[in-house]
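Same chain, two partners: chain A is paired with chain B first, then with chain C.
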Partner chain A sequence: MNKVMSNKWIIALYVLPGLLLISVLIFIPLILSAYYGLMKWDGIGAMEFIGLENYINAIQDAKFWESAFHSFLLALFSTLSLVIYLAISIILASKIKGSDILRKIYLIPMLLSSVAIAQLWIKIFNPSNGMLNSILLGLGVENPPAWLAEPSIVLYAIFIPILWQYAGFYILIYYAALKNIPESLIEAARIDGATPFQIAYKIKLPLIMGVVKVTIVLAIVGSLKYFDLIYVMTGGGPNGASEVMASYMYKLAFASNDFGYGSAIGFLLLIITLIVTVIVRKATATKEEIQY
Partner chain B sequence: MKIKKAFATMFVTFASVLLVAGCSSSDDNANKDGKKTVEFMHLWPEGSSKQHNKIVSDIIMDFEEENPDVKIDLEVLSNEQYKDKLKVLSTSNELPDVGMTWAAGFLEPYVNGDKFATLDDILEEDLKDSFVSGTAEAYEIDGDTYGLPLELNIATVFYNKAIFDEYDLKEPETFEELEKVVKTLNDNGVAPIALGNKDRWTGSLWYMYLADRIGGVEVLNNAIDRSGSFEDPALIEAAEKVQNLVDMDAFVKGFNGLSDEEAKSMFMSEQAAMYLIATWDLPNYTTNEDVPQEFRDSVDYFNFPTVDDKGDMNSFVGGPGVGLFVAEDSDVKDEAKDFASFFVQEWGEKSVTDAGVIPATKVDGESLDLPQMYVDVLDDLNAASNITLFADVQMSADVAQVHLDMIQSLFGEDSTPEDFAKEHEDALSTEE
Partner chain C sequence: MTTPTFSIGKAIKYFILIIVAVLFLMPIYVMIVTSLKPLDEVSLATMWSLPSSIDFSSYAEAFGKLKPNLLNSIYLVIPATIISALLGAMNGYVLSKWKFKGADIIFTFILFGMFIPYQSILIPMIQFLRSVDLYNTIPGLILVHVVYGLPITTLMFRNFYANIPDSMIESAKIDGASFLGIFRFIIVPLSITGFVVVAIWQFTNIWNEFLFAVTITTGDKQPVMVALQNLSGSQIVQWNVQMAGALLAALPTLLVYIFLGKYFVRGLLAGSVKG
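Moving on to the complex of A and B:
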């Protein structure tokens, strides 16, 4: 085996299929979309080179920044919700009754497709027949809001299913990480008289910090490029109140027939996500890595 | 070690073969047995448009029977997916040989990009004089026709007679009467009008009718084709009337977050009394066996009322729906054109009898046994003084998006009527 791996040609050969695939599917389209961003193009007819006009327009486009703001809000909420997921995982990972079945229940939303989730929540949010408003009416709330129709509420209403959708995923990751902590460490802390809260905060959390950092990056990047539920549930409406960067890009390219501008927005989306990722990695970097 | 090396080599070869195979094109139009394949794409999946879907299958079967050397290769997508896929396919020059398109603004970029073939030859031979006037013209750009219309629709207000009778209401003929109906229904706790304005073109129908009644048939068309202005007082007044209706709670709660499908299901489950939609929905109120007979019997329709004694109740918002195109770079253009022409002719008969929708080809209403409401709509069509094409179809895609977004914002009372008009004017004038 070592002999095979020491041959550079063999290594190259092994890497080649993956590299080819990733180039064809990711890197080449990426460069192409940056290039299309330089064009005035309706996606159908001939292209016309217009230089950086699309990019300059995008930077001055109030609607784009509004959608970017919505994306960042989503990123903020997803990151904050990680705390809740972590707390749930710590409870699940301690030996409580039924933690096995609870863990599976939390995972169910992840097994559903986004469109199914969207349909489910559209029904829940229905202003006159929906489950949510029926419960509110039953509780005596007069005139409960039309969740997906009011510009001031719609964004937060959609955040709920989005966060719900991914809760199971993060709980699963945290759970696995917590299960990896050697029992002896916790046992030792307990003998020294640490409270369960101290154990969680001073022992468990630092030990899985590496995983936590990864989930923060995942949550932020995932939020910034988020698309599915927004597209199905409101299409970015009413009048852009729930628009995020990806849905705005889609709308420009496919509904307004402006592929050049849409590509430019898409490329900016990539740049923004890249910058944020770098910042987050820098901000959460620690010199010492705690080992067990 | 050698074995491992051999495995590795094999794997790489295998992977490359897969990759190459994936890239190579697989559309050879001439099969081994000499059959030609015509690719056809439509947007009536079995689930949501059962009758349409069945008619298409029947037509394809008939065509293949008459032309044994041609095979139709079918692909079906639902409306929005269809639009997206069509765009992507045209970008990579792989349009199906025959497919469906919309008129005017949707058609234009495809024609300018030389993607669609002109169909003047078919129109002058096989299909001469078979279309209702004004329908094929909507697919005309610079004197050439690029689409064969299939449907013809007009929007009317459908209403639930049972609910109207219960509160002793009459079909409103003026806007004031409509407002009274709305008020009575609201007082009795019945939602007056089902509207799914998440889809936005639904609200646009209301706006267009108000504009037509207040300003006459030309004012909106003129604003769009730039011989007039969108800041015309009539267009602003129409926007005010929309907000009057919203203030009266004329539309169901949360309409801006509801899709047209949801609004329709509210109307069909008798939770709302009125519903403005185009006649493509006729089967639901006449022949569709999946809808309870009792409900179908209790639905009737009225033309949009006049406003302040202005407007003509025989002027409609509507126009041709989808039409067939033939791809310009099709390898089997002749067969594709034959198929398109065959399709339109058979569709003209079958859509009336089997689906109960109104085709763009002329219908002989006398000789067929048709539901009463269908006959009424045909009569209205014959008596129509004008049919204004749906605004979002008339406009270019870019402006249409502004229009649709502003409709949502107007109905949601986020914009004043003046802003509404100004945004339109700005968008339209940058296009000039």
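Moving on to the complex of A and C:
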């Protein structure tokens, strides 16, 4: 791009406040986290240097890897759910009457906070007076599961509100991208006898692939950081069955007051997230310049 | 193509979209209906039925308990949204319209904060806030939200300003406009849509944020989302009060979308989210 002006002082005046804040509150803390990970520390008393012990423990910590596995499972679910959002968006963008109102309905959950959504779904999943089991009992299902209390089900159950929460956001993005496709392209394909499915798969999808790739990165990175909803709904339970990396770190630091180990886990969480981000972006990058 | 198959296709489309809409609305329906019932009417058998009479007492109770925290959230969200939008606009303006070495490095440096999990910086950040006496204060929380809002606000404004043609600024420069003149008469008026989009985004995120709120503040300094979570802390969950509280806490974001939502969607369509 042809940038039009240059004046060192004004540039500095404009970007320095932001850079300073980001350095002090993002980059220095990141380095300190790695450093605190070398300490034995309860958060209040003096720190004791213990070398790499916390990091070695973390790498051998089965609970940590279990929580990492859950985080990756969420990332996988989130990526797959993009297919559903995309399908809905394609239908929604195909000259449907009332698409505006429908799109607004899909957007409602996005306005609620994770805490509110978590509480609503605790009620929905409640085994004794919840909405879900009331439907299942009505349909004649005997002994419907106790959802959030069932270790083998809980993670899948939690994914339903996540699916519900983010639908509006992704549908809005896809819808906007689909609406930018020139109508003449679709019309031409239709005249050539392409079926609606062929049009969606062979024309619409390739044209919005750039946006789809961005959403894949967003979904995966977002899932690895996921915290609020799970923390409020189950606190990682029962017995660690829904623990994710972020909730495990939180628990170590703020419930067990193990700030040294918590810092080490926090730093590993960062490393894992960054590695995955780089891999996903490389995998989804095209020949064009990478856009943020 | 014959008309009948076409309309069957259309019927299937509507069927799918409406089923999805019903699935989306069912939880909201239960939330609203429950919030309007007295506690003794909240049971499995009457879950779907409308309340026998509309009862706002759960709202009164929830509001009584959440009021101080709602105020905290307002004191937090307004300055944090404005400051993070202004700083983002400054960064975005310079990064899209000014020529200087290292611009890309600076942009990457700023953007990095978007990708990190906040758990990775939480402990040192709390230490820092303690050392400057901002721990457990609303200004401390404002500072944190401004800093962690900067990556996204910078990104949004950079994309926004990139769409303003350089020629407009060039011609103003040729006409003899000063730096301030260009900023005041060209950039500021053109930025209004950008500000609306960024402000809605920041408002919603800061209002709904939980992790920083729960770790940086305690007791009477807590924003509404933490208080909402604490509302369920007692032994017997009063579902009607809980749901009324959740709806009350969502009211500000809902109002923002009702009044400004069309600008937000328009802004997004105009390219704030880029491929």
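A few comments on the model shown:
What we mean here is this: the second predicted complex is superposed on the first by the 281 of 292 C-alpha atoms of A that agree within 3 Å, B and C clash if a C-alpha of one lies under 4 Å from a C-alpha of the other, contacts with A are read in each partner's own complex, and residues count from 1 in each chain.
Throughout what follows, a residue touches a chain if its C-beta (ideal position, glycine included) is under 8 Å from a C-beta of that chain, and two chains touch if they have at least 3 such contacts.
Computed from a predicted structure; not experimentally measured.
Touch criterion met: A:K251 reaches chain B, while chain C stays clear of it.
Of the two partner chains placed around the shared chain by superposition, chain B and chain C are both touched by A:I10.
In the superposition on chain A, A:I44 makes contact with chain B only, not with chain C.
By the document's definition of touching, of the two partners only chain C reaches A:A176; chain B does not.
When both complexes are overlaid on chain A, the residue A:L21 reaches chain B and chain C alike. Looking at the shared chain after the overlay, A:S128 reaches both chain B and chain C. Once the two complexes are laid over each other on the shared chain, residue contacts for A:S152 go to neither chain B nor chain C. In the superposed model, more residues of chain A are touched by C than by the other of chain B and chain C.
In the superposition on chain A, A:G237 makes contact with chain B only, not with chain C. Touching of chain A by both chain B and chain C, each in its own complex, is seen for residues 1, 3-4, 10, 14, 17, 21, 24, 43, 122, 128-129, 254, 259. Residues of chain C touching chain A in their complex: 1, 9, 13-14, 16-18, 20-21, 24-28, 30-31, 34, 42-44, 47-48, 87-88, 90-91, 93-100, 103, 106, 109-113, 115-125, 127-128, 143-144, 146-148, 150-151, 154-155, 162, 166, 169-170, 173, 179, 204, 207-211, 215, 225-226, 228-229, 232, 239, 242-243, 246-247, 249-250, 253-254, 257, 261, 265, 268-269, 273-275. Residue ranges of chain A in contact with chain B, taken from their complex: 1, 3-4, 10, 13-14, 16-17, 20-21, 24, 42-46, 122, 125-129, 146-151, 154, 234-235, 237-240, 251, 254-259.
Of all residues in chain B, those touching chain A in their complex are 1, 4-5, 8-9, 11-12, 15-16, 19, 83-84, 87, 90-91, 109-110, 112-115, 191, 197-198, 200, 252-259, 262, 266, 271, 396-398, 401, 405-406, 408-409, 412, 414-415.
Within the complex, the chain A residues that touch chain C are 1-8, 10-11, 14-15, 17-19, 21-22, 24-26, 28-30, 32-33, 36, 43, 88, 91-92, 94, 96, 102, 104-116, 119-124, 128-131, 133-134, 164, 167, 172-173, 176-177, 179-180, 190, 196, 208, 210-211, 213-214, 221, 224-225, 227-228, 231-232, 245-246, 249-250, 253-254, 259, 262-263, 265-267, 269-270, 273-274, 277, 291-292.
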